[in-house]
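Order as written gives the chain letters A, B, C and D; numbering starts at 1 within each chain.
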């Protein structure tokens, strides 16, 4: 898996070059990039609109469909990487910080097997 | 920057462990994860709702606001990484493939400085 | 039901007055309103994030939850009505036209009981 | 304008019949409808992705573009009306209640000409 060796910086550089070659930086305001990301997230979601939750797992058994889904995931990722370039955000730092924050918000003993807790 | 050294696999492992510790895998169908991702993308976008495109770049001058934005970006990333775990998608491969595809779709000479081309 | 007697124009007028009293028209560009609408749509969707499709129907049995959902639906509607004001779009005409278009796209005999048709 | 005379109930009936003729009720869970609505909201938003806020107002000068936008608005509306059918929500009641709630949340004297208030 390329994921084993590819750093975030490598792909941030790739999307930065792509935009620079086309002189697209003026379009890439945080507002526009966030809109673009939300639009691609909706296209990703649309693949799973009419299937039930469990059935949506079967997408892995359909190579053409899985490739289409991976393609939408990449669109989301490209916007996210471009936005982190524009804002100077260290994305992996932000992710690690968020996981730590969520570990406090969702303690294991309380949330094991459930997503919301109505009473203790 | 941690982005210089952090691989996608490292953070995919982190979100996998987080979910496993809470036994959240049954909730993490592709359908639900895509919905969650779209929801977080909308929260990210909401930060830029009432500002103009150019003005949205000023978020970098406001550390508290920038931290809030980075936090939402991390939420989006966590869903994307979790989805790539569930689907067995190599995210960096998908991103590289997408950039190559977009390089063909948006040739430099034709798209330099503009996002859409109505005639040649 | 107020829906039996309330016209679209009545509520378009109500949201127009609301914006005018606050001098919010400068904020209400189509771009911003479309972003606002998408943001509220995501908040509506979030209520159903972790429940299965069938289980989501049970929201009708929980008055507090149903009221919260109706509140989000109203947010979506207010943006849609405001956008139709700003663009001068006759929303009911657009809806009737869309239903007619979909009736051609999804012929009854072919789509009865299914949402997609892979072969004839 | 048809909006002057068309009630919400009239179009709720139209979308109900459309779904009934195709036996689509089993697909129309609140979860799926909220996802569909969010997907259409993103398609509407996409029309305004790369234009600036003020420039987005010019869509009214381009009949073909305006028709495409109205078509997406109708898609959003159809999902919203179908969801109100499924949940038994009186949409116009919910809208009126929301406007009243927002009138309290955003007092005219405080919010005139601005969307957020950082201090009094």
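In the analysis below, a residue touches a chain if its C-beta (ideal position, glycine included) is under 8 Å from a C-beta of that chain, and two chains touch if they have at least 3 such contacts.
Remember, it's a predicted structure, so these values are computed and weren't measured experimentally.
The pair with more inter-chain C-beta contacts, choosing from C-D and A-C, is C-D.
Which listed pair repeats A-B comes down to matching contact pairs by residue number; over half match for C-D among B-C, C-D or B-D. Distance from the chain A centre to the chain C centre is 27 Å, each centre being the mean of its Cα atoms. Centre-to-centre spacing of chain C and chain D amounts to 3 Å, using the average Cα coordinate of each chain.
Each of the following residues of chain B touches two or more other chains: 27, 32, 35, 38, 41-42, 45, 48, 50, 52-54, 115. In the complex of the two chains, the chain D residues touching chain A come out as 27, 32, 35-36, 38-39, 41-43, 45-46, 48-50. Interface residues of chain C facing chain D in the complex, by the touch rule stated above, are 1-12, 14-15, 18, 21-24, 26-27, 29-32, 34-35, 37-38, 41-42, 44-45, 47-48, 51-54, 56-57, 59-60, 66, 69-71, 73-78, 80-81, 83-84, 86-99, 101-103, 106, 108, 111-113, 115.
In the complex of the two chains, the chain C residues touching chain A come out as 35, 38, 42, 50, 52-54, 115-116.
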